[in-house]
Amino acid sequence: MLLILRKIGIIILTLGINLYIVSFLNNKIIARMELRRGFKGYKRSGTGFPFFSSLKYIAKDYDFSVWDIIIFVLSLSIWAFLPISYNISLVESDFNLIAVIIIYVLIIIFRIFSVSYSKYGFIISDSLKRINQILALMLPMFFCILSVAVLNSTLNFRTIINSQYQLWNIAYQPVGFVVFFISILLQIKLLNLFDLNKFTFEGNILKEGEGISKLVHRFSGYIIIFFMIILFNTLYLGGWEKLYMIRGDIMVALKFYVVLIFIIIFERSISNINNETKIINLSYKILLPLSVFNLLLTIVFYILRNVYSLV
Amino acid sequence: MTNEELKFNIEKHPINHAEDIEKEIDILFGNKIGAIYNFGKELLFDVSPDNLSEVLNILRNNPDLEFNVLAYIKKKPEKNLLLIGLLSYDKGITINIRVKNIIAERRIDYKSIIDSVKKYFKNAQYYSDRQYLKDTNRDAVILSQLPETLDTFDIYLSFEDNIINQAYLSNEISMFNQDILFKNSDINKIIAKINILSYKAAVFPELCFCLGIENLLSLKIPKRATYIRMLLCELFRISSHLSFIANTSLIIGNQNALNYTLTEKEKILNIIEIITGSRVIPNFIRIGGVKKDIDDSIIKMILKSLPGIFKNIRKIEDLFSSDIVILGKLKEIAYLNIKDARSFGLTGPNLRASGFRYDLRKDAGYLLYKDFSFTIPLGRYGDNLDRVIIRFKEIYQALKIINEIAKILPIGPVAKMMDHSAIVFEESPIISSVECPDGIFKLYIEIKPGSEIEIIPIGPVSNNMHACEQSLEGCNFDNLLTTISSFCIESPEMY
Amino acid sequence: MLRVIKNFFINLGNIFRKPKTVLYPKEKILIHEGSRGLPRLKLNLDTLDIICNGCKDCERACPQQCITIRSGYEDNETVLDEFYINLGLCSFCGNCVEVCKNKAIDLSYRYQLAEYDIESLKIEKMDLVKQAEYSIRDFWTKL
Amino acid sequence: MSISLIKSSFNIYVSGFGCCKQEIIASVGPVYDISRFGISIASYPEDADVLIIQGFLNRKYIKRLFEIYGAMKNPKWIVAYGRCAIENAFFESDDDLIKTFKEKINFDIYVPGCPPRPEAFIYAMLRLMEKT
């Protein structure tokens, strides 16, 4: 019992520290990309800017809704199934992958539900469109995950990582790697998760909610980004496998931040995509066929290796 | 060029037609119209409400006259006055009809007059009561929001499956009464106040007002002063277009383009501040010249900074014209062909984007634009992309003009010495017009005894809004914002 | 697609470039000569008197009617008693400077003005004289 | 404590139409970069802590302003930015609406100028942060 509590404490501490670093880094990198200075401490509150800027929503008036509690609980519970590092994992079962995906889909659906009784009619139609687009983007992502699962013939994260001790999955699945990256990049773009600079007009899911619910939305936004990067890391980049002398924990952190910076810069290189048909065309005509092709290739490979043991 | 083409071009070229028309008017209209005033390419008729219908009939249906476009209608209920503008693109002449009752007590019946105009000009319905704005059976209303082009009006929409059936823009929230603004002001005070009428390019109302008064007094302006005026005009044109580009990139969601544009705009505003002393409100043009002279060091500084600005704006254009996502939002959306664009009475870049060449800088020849060689950029299809790209091209042309002016700025006085208080104005209306960044900006000025001045500004806002409404029909809902921003409807309207 | 990768490298390059930001409260953009800021009353440097004689030319020329002058008579000449400027109305147009025959009024380079109270926007004669320290372009080096 | 938390990072909502708006947007750009102080521009009044009133206000827009002000969550501040907003230059003084406007809306800070420069805007926001 104590061991579990200790693990939960470690998970929350890790998340908290990384949340702080990521929001600070995000602000700084975006500012430097636009040739601005970014946040620079003015007076006492300067040191803890990401902390204070989110904490201030507690001080505002707010209405609390059920959706916020559900989203908050879900976005914490995702880490029970997805191990960040080899000693931080709570539930060990053979169906971790499926559980994680279900929770992820639920978070996004609840986020969209929680804003759909907004008084801005514009946002309702906009968020309905976004469900359509995100679903179109999720499908290729699922096929990619499935092909990794087939490759390693397991649904458990620990086994997936352990089987990458020689070569990372990126070597076996280059097509899946690219499709997965594009898919998560576009999802982050569509959900406007990196939205610190609020100077936009487009209907935005993060715009909704006030007071604490805004805080929850922001928190869950960052959690989704963390989840995507950790999943990406686990599936293709070898997770906590150590490289020469570097320890596993440090490798995870290193890969996490490299991928994060890549995603931040890529996210800013694309203009806002709100054209529904364009996204759906892109996903159904390019990403989905590629991922299906990748899956078929993997199945053929699997059959050749395991049934006929040719490879 | 073959002989026939040459002949055609000569016939089409608008030279001195205003005088010809003025001569013919007596034969055509008889005593149906009162006084006639001539201001270069602008004519002003006095017509009583009873004769208006017949006059319009003659103007519309006579094949020689070709006044087939309604440019504007301005209602002035408290002054008992109505202004109607008819435009002939081919001849480059505007006929302004002033409807006024001879008997002071009798009020003009605006509704019946606009109904009678509607018979001859289809787009007059824009100026009458629009019932749709009051109905409750519309699908969506978008209230005015943050970015600059979208904040002066509410949008009323009815749509089906993402395709817009009807769109109405209502600028009731941004209209304001300018009578209070100009209350108890003489000429000098008005110059300091009038620049608020077009706040993105504040030099143009000043210039328009001063040109009008100078026309009335038939003053001759020193060459150096005229060149400095043109320099300022082009600088403000660039600054206005840059803020348009900043807006569009904000709506498209390209933060990089927004930031680069704001940086470049800062440089232009810097030059403006060095010359005039203020970043936005110049208060620089005076009757008979300009307020103060420019040093040689400033001109050297301008010449030095121009290549850098040109290079950076090229970079921004490259960002716009090679990104698939941006092109997807702009290309082949909201077409406006030449015929439609002309029927709304459009002017400025929005008209030129459709491919029709009409620019007061060359056609009317105000200031000394004829001394400089520059081309008027034209679009081809009149879609959103053309409307954006044409503004980039106009910026390059403006930079070229500035470069030329800075090189050949003549030496001489910058203002005519005169005592403003000693001038006695004869009581007569003036109409003067300039090519503003968004279209033609017109001022109707009436000087009354006791030097009280009455001004009616006539901007390009309502024409742009009407054209925007029409081109939105059949457009996808996703492209609503980019389409509206591409028409550049920004400054509020006066009534 | 190619554009996205190009943009990526532009953005990556920008991270290592020097930002264009001016750190405003610490360092400031040097305001240009002739820029229009808060009006000030000039002093005669020999006698340290206010040059203004209360002729009310500027009051008449002000387009926003923000100047109020009260003047009295002494030895057949007008003498300035009180001089108010309502900054809330002032548009910093510079018409008062243009019209003044004695060159008694001038515009300083002070532009950062923000007050909690609307009454403190109404400025008196002595305050306007004190603005002289802002008439040098790099005044903030002294602050 | 809670108010000083909010003051550490402001979200501002700019209302109205006028020349002041372009100067505020210029202060967002790279040269002035108002985000150094944690200040960002909000697109919806629900997000905003500070309402900036600037530019021309007509009868209909003042009614809209009341709605916007009502939608903002407590605690909130109001800034009068520029000449037009400070003196309500486009209204006659005896207007009823102006009276209610002045009764209902208490400005926390006044920024004179026509229009004030971007630096003046930053200065005003810093002073608003200092205000107790």
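A, B, C and D label the chains in the order they appear, each numbered from 1.
In this text, a residue touches a chain if its C-beta (ideal position, glycine included) is under 8 Å from a C-beta of that chain, and two chains touch if they have at least 3 such contacts.
It should be emphasised that the depicted structure is a prediction, and the values quoted were computed from it without experimental measurement.
Comparing the chain pairs B-C and A-D, the larger number of C-beta pairs in contact belongs to A-D. Of all chains, A has its CA centroid at the greatest distance from the CA centroid of subunit D. The geometric centre of subunit B is 30 Å away from that of subunit D, both derived from CA atoms. Centre-to-centre, using mean CA coordinates, subunit A is 37 Å away from subunit D. In whole angstrom, the spacing between the mean C-alpha positions of subunit A and subunit B is 50. Under the contact definition stated at the top, the residues of subunit B that touch 2 or more other chains are 145-146, 256, 259, 263, 281, 323. Touching two or more other chains at once are residues 7, 10-11, 19-21, 23, 64, 91-93 of subunit C. Along subunit A, residues 31, 33-37, 40, 197, 199-201, 268, 270 each make contact with two or more other chains. Taken as a contact graph, the chains are fully connected, with every chain touching every other chain.
Subunit D meets subunit C in the complex at residues 30-33, 36, 83, 86-87, 89, 107-114, 116-117, 119-120, 122-124, 126-128, 131.
Across the complex, subunit C meets subunit D through its residues 19-25, 28-29, 64, 87-93, 111-118, 121. Within the complex formed with subunit C, the residues of subunit A that make contact are 29, 31-37, 40, 265-266, 268-270.
Here subunit A touches subunit B in the complex through residues 30, 33-36, 121-122, 125, 197, 199-202, 268, 270-276, 278, going by the rule given at the top. If you check the complex, the residues on subunit B that touch subunit D are 143-146, 148, 151-152, 172-177, 180-181, 196, 199-200, 202, 243, 246, 258-259, 262-263, 265-266, 269, 279-281, 491-492.
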